[in-house]
Structure formats: C-alpha cells, structure tokens
Amino acid sequence: MQGLEKLMLEKANALLQSGEVDRVIGWKKGESYYDVSPATFTKDNLEGFVYNCFCGANLSKYLVAESKKEGKMLVFLKPCDTYSFNQLLSEHRIEKEKFYVVGVGCNGHLDMNKVYAQGVEGILSMSEDENNLIVETVYGQKIVEKESALLIKCLTCKSKEFAVADETLVVGEMKPANPNRFEEVEKLESMTEAERYAFWKEQLSKCIRCNACRNACPACTCINCVFDNNASGISAKANADEFEEKLFHIIRAYHVAGRCTDCGECSRVCPQNIPLHLINRKVIKDINENYGDYQAGAEVNARNPLVNYTKADVEAKEVVEGGNK
Amino acid sequence: MNNDMQLKSLIEMSATDVRKCMKCGKCSGRCPAFKEMDIKPHQFVTLLGQGKVEKLLASKAIWNCLSCLACVERCPRGVAPANVIEAVRTTVARMQGGDGITAEEIPAEVNEMIPQQLLVSAFRKYKK
Amino acid sequence: MHRIGVFVCHCGSNIAATVDVERVSNALAHEPGVVHSVNYQYMCSENGQQLIKNAIKEHNLSGIVVCSCSPRMHEATFRKTAEAAGLNPYMVEIANIREQCSWIHKDVEEATEKAIVLARTAVAKLTLNKPLVAGETGVTKRALVIGGGIAGIQAALDIADAGYEVDIVEKNPTIGGRMAQLDKTFPTLDCSACILTPKMVDCAQHEKINIYSYSEVDKVKGFVGNFKVTIKKKARYVDETKCTGCGVCMTNCPSKKGLNSFNMDLNTRPAIYIPFAQAIPNVAVIDPEQCIKLKSGKCGLCSMKCGANAIDYKQQDSFVEREYGAIVVATGFKPISLENFNEYGYADNKDVITSLELERLMNAAGPSKGTLVRPSDGEHPHVITFIQCVGSRDVSGCGKPYCSKICCMYTAKHAMLIREKYPDTQVNVFYIDVRTPGKNYDEFYRRAVEQYGVNYIKGMVGKVYNENGKLMVQGSNLIDNEQVTIASDLVVLATAIEPDPSVKDLATKLTISIDTNNFLTEAHAKLKPVECATAGVYLAGVCQGPKDIPETVAQASAAASKVIGLLAKDKLKGNPCVAHANEMTCTGCSQCAEVCPYGAITYENKEFRIGGGKTEKRRVASVNPAVCQGCGACTVTCPSGAMDLHGFSSAQILKEVEAICKR
Amino acid sequence: MQEIEKNQKKPLIVAFCCNWCSYAGADLAGSSRLSYPAEVKIIKVPCSCRVNPIFILKAFQRGADGVILCGCHPGDCHYSEGNYRTRRRMGLLFSMLNYFGIEKERTRIEWVSAAEGAKFSAVMNDFAKTINELGENRRLEDLRCKD
Amino acid sequence: MVFSYYPGCTLKNQAKDLDIYARKSAQALGIEIKEIDEWQCCGGVYTSSPDDIAPRLSSIRILAKAKENGGKLVTICSACHNVIKRVNDDMKNNADINLRANNFMQLEERYNGETAVLHYLEMLRDEVGFDNIKKAVKNPINKKIGAYYGCLLLRPNGVMAFDNPENPTIIEEFIKAIGGTPVVYPFRNECCGAYASLKNKPLADKKSSAVLSSAKGHGAEMVITACPLCYYNLKRSGEDLPVIYFTELLAKALGVDGDE
C-alpha cells in the first residue's frame, strides 16, 4: 500500500506543479493510522496525504460541490467509486471537464470495528503489508489478517474494472471481484414473508434516523431532500415512530432504484450497522432478473431501467413472485 | 327426495349453466342418436332450466345417448347438454330398480370379441 | 381560509334511494373548511345550477364539492356553473356517489357511510386546489380520414363540402372498401356500385380532398387541433402521376397466378393490376409477391408495354408528414376466419362459401360474370342452403360473442335475389332468430318468405358433409322437433364480421381504446357515440361496432359534423392540469425528460441567488404547458419531488389517501 | 359479502384508477349495477403512471389493508406508454415491499379498460375477498403512524 | 426417452394387438415405455358429475405413480386416455375435486395434476416426430387409409386438446409417415355407436356402418383406429372394410410385426 501511496503523491505533485490541476481530493491522515478522512489539497499543501487500508470512503459524492468551483481537480477513485462518478455525470450533477480521474488499485478496505473485535487493544501504532495489518500495542505486536477485517462492501466487491479513468495507478494484481454478491439477498428471499418481516423489523428498529446513509450516498444529491421538504407530504420532522424509519428506507431505496451503483457506502457509514445495502441490492437483483442486467454507472448516459420499458415486460406480480418466496 | 332437492342435485351434477342456452338447436342438429331420443338434447337443457324433473327422469333417451359429446363440443354458448343427460342417467341409475342394464342381461350378449372396456364402462354408466 | 360549499345531489332516486343524502350533507357541514352544505333533487338541472351559483355568491365560496354522478358525466357542467358565478372552474371537485356508491351498494347504511367518505375526500383535495387557467392553442384546419370505405368517403365528402381540407388514407390500392365488393344492397336492392362509385368519383375530383391510397398511418403525434401524422406510402411500383389506368400492363403481365383478393380469392389476377374497373385512383399496382421482375429481375414486360412510362421497379416506401386538427377513424371490417368452424366443411368443400364470396359470385363484375355457379364445377346449384350466425353470438371461444347485425338482412337479400333470378332453385335458411329491426327491414325479410318462398328453418346446423358429391346439411328443425338433412349443391355461411385487424395498431398510435372484441370504444355509449375519449378523434362505421350501410353513412356524417365543429374554431382551450417543475429543488438530473412521452420537458442553465450576494448557475427543468398532456410520469420519476402536476398534485393525492384512510 | 360482515373491522382498500380506462370501467360497473364491496374507495389519477410509491406507502401507513392500481391495458394507454412505466415501477416496489415481509397479496395491479365494467367489479370483489381473508394489515400495524 | 405406460384392461385381453405392437414399435423407435406396476382400471368412463369422487380415484393413482416416475404418462386406449386426461384436468383446475380426492387418498405427496398425459400418437408426433418415423419405416404401407378418430380422443376439446375436433389431422400425418395415403372423410369424428352395442345393437350397427361407408365412399381401403370399443363396433357392423389398430400398422411399417 505504501508503494501506491507514494505513486499517488508523486502524481498529485506532478499535476499540481504542471498546472494541469488546481486541487486534489484524496484522504488525509488524522490522529492515528486508521483515522483517515476525505480532504482536498492544493499545490502548497499536500501534508497529511495518505492512502492506506482504511481509505474506504467513496470520494465521488464530494465532487458535486467541487464541480461548482473554479478550476480542475485531481480525484483518486477506487474501481467501485468510478461507477458513482459516471452515474453523477449521467445525471448532470458533475462535469467531466472539471476533473482529472486517476483510478487507484484496490484490494479491499478495512473496518476498524472488525479489528477491535479481534481483541486488539492499547494501540500504539500500525503498519501494513500486502496481506496483514501489523499493530503495535502496549501488549506487544498483533498481526491482523486483512481478509478478516474487510468492510461489508469489500466482502461483496462488485467490480475491479475502472468505469472511468484518465489514467490508473495499480501496484501488483488486484484480487478478483466477488461474483456472488446476491447471496445474502437470496437468503432473505428464501425466507417466508413472516421471517423476512421479523428480520427487517429487528434491523430497522435500530435506526436512529441520523441520516448518515443519505449523506454518504452518492445518489442522494438532491438540493432539498423530500424528507426535509414539507410540501412533499412525507417530511419527517421528528421520528414519530418506527414506521417513519421503514418509510424512510423504502422511499430512499426507491428513489435511488436504477441509479444505485451498489457502492455500499450506506452500510459502511451506518452507526447502527443496519445492512442497508441489502435493500438496494434487492432492487438491483430484481432489475437484472426481470429487465435485463444493468449496472448503474458502467456507462455514461445509459438509460436507467426505471425510465425505460419494453412492451414485453413481465407483470408486476411475476416480479414479486420471481424473486421472493 | 322431493322435486326441489332433486332439481338442485341435477343442476349440481350437470355442472353446466343451462341459462346460457340460446335455443339454437345446434346440439340436436349434431346428435348422432337423435332419432332414438324421446327427449332431444336441446330439450334436456330446456327442461332442466324449467325445473321439469319428473319429465327428465322418465326419459328413455338417457339409455340411447352415445356420450359422444358432439353436442358439447359445438355448443356456441358453452353449454354441455351431455352433462345434463349424464346427470339424469346417474340419478335414475342410483334409484331403486333404476339400472339401465343388469348382469343377467349380459351372458347371452357376450361374444368372444367384446372388449372388457365396453362391459366395464357400460356397467359404470348404466348401473348403480 | 377555505370557504367550501358542498352540494349533494339526489339524482331523483338514483342516489337518494340508497344514500341518505340528508345525512351526507349534514355530516359534511361539520368538515373543517366547509361553510355551506345542502342537498337537492337534481343538481345538474337549471334550478340546481342556479342554487349553486347563488350559494357561491351568497356565501363567498372559495370552492365547491358536488356529490353526484361520475365527473365524466357532469364535471364540465359544474365547472361552467362555477365559472358563471365568478369562481375559477378548477375550484370544483366531484364526489362520485352514484356510479361508485348508490348504484353498486344496496345497504343504505353502508352506502351513506361510503358517500360521506367520498365527499370528505373531495373536500380534502379541494383544500389544496389552486385556481388554474387553461392555455390556448391554434387549430390546424385540415382533417385526416383513416379508411376509404363508405364511412371514410362520406365523412371526407361532408368535411370537404364544409370547406375544409381532408386527406383520406386507404391501405388498399383503391378506395371503396367492402361496399365496392357488394352486389346489391338491402333493403331496397340498389346496385352497390351504382350508388357508391359516384361518391368515389366525387372524392377524387373534390378540390379539398386528397387521397393517399395504398398508404398507412405510420406515426401519430400531438393532440386535438394539432396532430402530426406520418403517412407511409407503400411502394406500388407504378408512378401514380403518370399511370393512365389503360390496363395494357395487366393484359401483358405473364404472371397471372396471384389470388384476386377483391374477388375474395375466387379467381386470379395478374401481378400488376387495377383492383376493379371503377377503382379510385385508377392506377395500377404491382404485387411484389407475384411479380417476376421484382422476384427474379427477369421480365419487365409491363414496363416495356407501358405507354406512359409509369412503371418504376425501384420505387420504395415513402413517408410524408402532415398536420391535422381532427382525425376520423373508419377502418371497417373483415369476415372472421372460419378455421374454428370445420363442422360446416368450409376448408374441405369448395361449394361451402361465405356470404361475401357469394356477393362476388353474383356480381356482374365477379369471377363468374354474375352467373351463379358452384365454385367446384361451374354448374348451376339447384338447392342452396344458408346457415346464419356462423361465428356470431358464440361464447364458446370459437367465434364472437356479439350479433354481427347485418347477416339476417343480407341473407334475406341473397335468398330473394337467387329466387328472383333462378326460380327453379330451392333456397333454405337455417336461423336461430331473424333480427330485422329498422325501417322497412322486417317487411323485406317477410317478402323473402311470402313472395319468394324461401324456406326458413328455425334451428342450427350441426354438420355439413360431402356424400356422393352432395353437401349434406344436417341440422335442427326446432319447430318440428326434428333433425333434418338437406342435400344441397351450395352452402352459404353468414360469417360473423370483426374489426379490420389493422385497428389494433392504429388504436395504440392514436391512444384510443378498443374493447375485448377489438371494436373501438366511443366516449359514451349513448351520448357520445362518434367521439373518442381522446379529444379530436372520431369514429365512423364498423370499426366502432357492427352496423349496416345506412347506419354507417349516418355515423360518418355525424363524425364529419363533429370535425367541422372543431375545425371551425380558431383556438382551443388546453388542459391546465399539466406538469410544472420547482426550480428551487430541481437538480437537473434529466430523468423526467427521459420519461416524457411528448418531449415537453427541456433544460436550461439558470442563475440562482444562493445568499451572500452570490449566484450560481444550475441546470433546471422546464415544462412546455402546450405540449404537456398531464400524464404525470415525470412526477414519479423525479427523485427530488421537484416535478408536480396541476390538478393532481402529490399533496392533493396524499390528502385524498389520508381522508379515505381516516377510520 | 356475508363473510366480510363477520369481521368486526372492515378492511380498507384504496384503488387508484386512471382517468381514461379504469375510472371509466368503474363507471360502467356502476351503471351496469355490478356491485363490489363498499370498502373499495377510488382515487382518480390521470394515468396509472401518476401513482407515486409514496401514495401507496402512505395508504398503508394510514391503515389501508390493500392497495390496487388499475390502468389501461398495456398498449392502450391514453398517454401511449404510462402503464408500461407503471408496470416496471410497481413490479420493483411490490417486490421490495414483499422483501420487507408485507404480504404480496396486499398489492396488486390490474388492467381494466373502459369497456370492462364487469371485469372491474370482478377484480374488486376478488381483491376484497383476498384482503378479507388475509385480515387486517397486522404486519404493518405496529408500524402505523397513529394520528 | 422414458415414459410411464398405462395399457388398461382391454389391451391385456381383447386388444392385445394394440398393446403388443405399441411396445414393439416403441422399441424400434428407441423409446422406452415402462408399464406402471400394479395398475388398476382407469375408471372406464369419466363422470361429468363433480359430486362423484370415487370413479376418479383409480385414475389419480395412475397419475400419481406416473408423477413419481418422470411425470410423463402414455396411454393408447382412447377410453383410458379420455378418462385419465379429464381426471387430471380436474385435479389441476377443480379445487373442490382436488381437495376431496386428496383428502380421501392420503397420498404421500398431494397430487395436483402435475403429470403430463400423452396419447401414444401425441408421443409419436411431439416426442419422436413424424419425420423420424418416416426415416425409420422399412415397409411403407402403400395403401389408401381412412383415419377413424371417434369421439373420446377429440372431445371435449377444451380438456383433451388433442387436435382440431372438427378437422383433426394427426392420424392423417401418421398415415403419411408410414407411407400410406390418408383418406379424409367426413365421418371420421362421428360416433361408432359406443356403449349402445350392449343395449341397442341396431343403433350401434347403424352408426358404425355409416362411418365405414363414408370412409369407403371416399376411397379408403382400410380404416385404422386407436380404440378397442370403436374397433369392436366397426368390425361387427357388417361392412367389408378392414379395420386395424394403428399400432399394428406402425409395427408393420417399421418391420417389427413378426415374432422374434
């Protein structure tokens, strides 16, 4: 990873120096190794630039705001992030001319909670090699296998292709994507209605309506979200009760249907660990099975299956019965 | 069984909607045993519609209907006259002494060619 | 502050018998926002409307709810009433307590409760209504008539005579339609050609009428007053402007095996042909399936012999786009296929024919030059048996559930004509019922029996089979309670008719609806028999339902008068219930434009103030209200809720949902 | 009908009908006196494609036991293609609702033309019967927003 | 290809030929027809009365067995085919009959009409293909042959779905495949007199001779049938036109009619 970080830093420096770009968006080091957050850098200030196994955040959404600014920006996108970038292009939320896209290789990023869960305490410092995270603790060195602490979204990685990139920086071979990302959805589908209901009731009752999912979602870029708009008839001033959460997640899933690239940010940022991605992924699976395979963001200006139709489309009943038990 | 109950049972056993009949007579126009029927196929439908149970049960045509279903096949209204005939026949056969055929009648009739199916079916059809 | 008036109609006893109207008006009086609530016997009557007008003025009402029949009946009436009293017509809501309540429920308690809920729902919606003003659009002063049969011809002539331009689109090489194939017409026995061909000639010569023969409607866009129609002119391989109709090509064509569809395939015709002597336009056409030149490249005889140099083997389909203010659909009918009726032996016996085939056999211009002969051997038939209701009134799935209406009369006509011309012929008619309502119709049928001695047998035929060269017709004689078998020489099937199959596609293009039998649906069975639910489209002839020539002509003239009335207007009021985008929340994502079927949504970059004296440019949607038809597809696609629909806003519908679900 | 009356609480059914076909079909059912249960309440929309999933969710939230959408037959839409869009949207929405455990019988789409009064009545009778057999929308009850 | 096979009582007695030649021909065509073990009577006649469950039970047993063994059941005797196919349709589409029959039978697995019931002729047409039969023919039957369908294969068409009930062609296609010339005559779907031959012989004779004279009148040299009852009635009608089971002719054409 260090090798890649070095290449990225060199690229950023070079492009800034040459005036090709005015700004850079990447990740910045915080208090500790795992405390990284998206940040912008300029020519004179590249301090704290980092790319390590905790840089799982999708930078695409930040570009909606950046696109409005003057000048050109260098953006580092992991394969899965590039789909979001394309989708935003399709929806006219960003302009391609404003960005220089460098695709960076990825072998999955880590969830610090999963590291803690392995009994890692009293952390002093960290480093990593290809397969392991090496943690120096007050109790001595601990080795955490990266495979064992991957983010949910990385466990079911959908693609290692760069949907868009002006150039790419990859060190070594990227591990292949997971072809079975619908497994968990299928498991839910095979349950009875009552079991599924119980599952979601339990999961969604954890929701505290913090809006983290909405704020992180690259498809949620409305100026004024319907949930904040009194005229919409569904705005939620406060959490009146449980249903509001269900309503929120159903409507949110519907609003991003056909536009969701399955980037998994919703689940990554959820403080309550609700598997929100399973809702969006169900819609993607239904679309694939009933209206033909479709990956949002794979191509710019591809027609979203929800604004498309064919005369031979199956009836709604068959969609319901085709997937769910 | 009184008349009403018998009528109800006949309607149920017929499993066909006699009110759909438009009295075109196509069933009787097609019937291959027409001349042997004292009550004609279209009349079975009409009589059931009118609730004339006694007249139906007194019919001799039930023993001459060939069950060829030609009347059912071409009815433009989706009515099944043969079902009505069979309902009447079954009802009669189920009554005391109502058998249309008895074992005693058979021996003289059997020749060496007669197929088993004919015997089985005839007894199923004509006897309790 | 809302000041809503509620008006509950008794509709005589139609509503009041099952709905306690008093209770409804009392209950509604207590609804928030309602300041006036009454009931009355007939709200749509002069007095009822006056009552509404007075109440609007007296109580200074901001909107009214009328609880009455379906809005499809009287919404327009009450909107006019409101407007007359100075209220915006879109501040009117109708609670449908007749069709959706009193007529389908028997229990007074239940019906009254439901009526109250429906009225409350209307009030709830009305609280969010906004006054709307309809835009105006111009009217293209030209009409399109689809189908060049007697219906299309009559409609076109009437419209053209009123001074408007008319285009006729006919899919066949000539106009004339089914009527051109008939020999005589009932109930007066006029020669069909004698009364039809002068009208065809009138069409050809009328300066306001333009005929697109051998053409089809390809695409239809636009709306009432402003239709844009693409017409496909099929390649006929003959230059219409040059062909003189001399017929030399026909006599010289070596390919003569193609079936003559004008003669119901009873004989053949050359690959290049003019359908019949009086065809309009009198121009030849090449059947590409039969033409040796088009199929193999060899031949070219017609081109060599054509003095006018009109043959063009390279001709392609071409397209023209024309604008129209109104459209008349007159696509006519065809006899049904008899594949499900093999008990009549049509497939196996040449001498079992349909009535339309008989028309050609009896026609002087037909394949037998008007001499009635058996198709099998050319002999004169001595016993002819007609079978009525072949495929009509059939709910078994083999035929059509409806009565084809014309068969009783034309069978009587055929029977009569045959007895008249060949008195030695025995004519039998198997019938279920003889249906002859109409002026001089029953008299006509009785003449067949009384004057001409036609043998009518009440009963249906079970089987027709060939025995030693005779057609044995076995059927019921219900009057005698007998089964009869009539040895016949010719059997004629009064075959059911159905709408021309082209109507299905056309209905989709015109967005008009068809019923389960593929007949086009009129706007109202009794009161709007020639209009469609889609404004500006009118119906004439059998495409709307079975009818004979007098009825068809009457309906065609009726459709024409509707078209003339429409074209006489300079401006049409549009529908104000159209979509609109909220620029403040629109993100410019373009999803709405992708679902708009009319292309009514465009995007522009606009400057917006974003506070602190700054502005930003944003891409936002805007709707062209003249083009938008108000379907609402965009409103659902819009993720940000920026797109909404006047008259059916999301907030209004949600309010209705809440009102219904309030327990 | 009798069965329905056995239940203490009558089910509540919201039917969204497009103006051009299904609403006219409902009118025809009315003028032909073809009855269907009073718990069916109709909301008129210009086209089935005007029905936002939010409307359906709101209905359930407010206590509806079944929601049915009626539109023109595919190919016959007054706006050419609205019902095709409805078919996709609702296919995905209904599937998602069922994925959350809401009984699939509670949501339905039917195509009813202006000429199909008998079908309209039959569909509503059947849907009401289904919803009645299913009983109250208990699965969503504790999720309801009580006013 | 393996099919469950239901011969029925008559094919074990009076109509042995129908059965034997069917087996030989199937073997020659590379199809395995496996007789259902411990089969019982099909019920003899179908009862159109929905209140009567008992006559349907034996057919259901046959169908349920076939379901266990691949789900495709082949029959030959027209009567058995008619009864079994119609009972199967009841089990598929009549919820009431289905419920009562299943409750009564207590099968290990409920039977809901899953088995596909094929007539031997349908098997030849749809599974083997008449083209393939044509190729397998060794001794073409060079004769004018009338197909006699009778009633039970064709009617009621809504359930039997065997062929166009007023203009069937499957046996004609079969005749062509084995090298014969089909003779289409109007009485090929008229009744032979059926059960009347027990009670009202003159009626049965009249109907049978009408069929045969119609065939003869249209030039047939022989008539083939799939039904033992029709065969019986036609044979004794007194007309001098040969009546043969279709399987016998098939075996002849395939050259497998001799004793091995």
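Each chain gets a letter, A, B, C, D and E, in the order it is written, and its residues are counted from 1.
In the analysis below, contacts are C-beta pairs under 8 Å (C-beta built on N, C-alpha and C of every residue); 3 or more make two chains touch, one makes a residue touch a chain.
On a predicted model such as this, the values are computed, not experimentally measured, just so you know.
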Quiz item: Excluding chain C, which sets of chains remain joined through contacts?
Solution: A, D | B, E
Practice problem: Determine the set of chains touching chain C that also touch chain D. | Solution: A
Self-check item: Selected pair, greater C-beta contact count between A-D and C-E
Solution: A-D
Self-check item: Whole-Å gap between the CA centroids of chain A and chain D
Solution: 37
Quiz item: Roughly how far is chain A from chain E, going centre to centre by Cα mean, in whole Å?
Solution: 65
Exercise. Express in whole angstrom the distance between the two chain centres, defined as the mean CA positions of chain B and chain E.
Key: 24
Self-check item: Approximate Å spacing (C-alpha centroids) for the pair chain B, chain C
Solution: 46
Practice problem: Could you check chain B for residues that touch two or more other chains and list them? | Solution: 70, 74
Self-check item: chain A, residues touching no fewer than two other chains
Solution: 226, 232-234, 306-307
Quiz item: Got the chain D residues that touch at least 2 other chains?
Solution: 53-54, 58, 75, 81, 85, 89
Practice problem: Give the pairs of chains that touch; include all such pairs. | Solution: A-C, A-D, B-C, B-E, C-D, C-E
Exercise. Enumerate the contact residues on chain E facing chain B in the complex.
Key: 8-10, 13-15, 41, 43-45, 47-52, 55, 77, 79-80, 151, 154-157, 165-166, 190-191, 193-200, 203, 207, 228-229, 231-232, 235-236
Quiz item: In their complex, what parts of chain B are in touch with chain E?
Solution: 9, 12-15, 32-33, 36, 63-64, 66-70, 72-74, 80, 82-83, 86-87, 90, 100-101, 106, 109, 113-126
Exercise. Over in the complex, which chain B residues touch chain C? Could you list them?
Key: 20, 22-31, 34-35, 40, 42-43, 70, 74-78
Quiz prompt | In the complex, chain A residues that touch chain C | solution = 68, 91-93, 221-226, 229, 231-234, 255-256, 259, 303-304, 306-307
Quiz item: For chain C, which residues are in contact with chain A within the complex?
Solution: 584-591, 594-595, 603, 616, 619, 637, 639-641, 650-651, 654-655
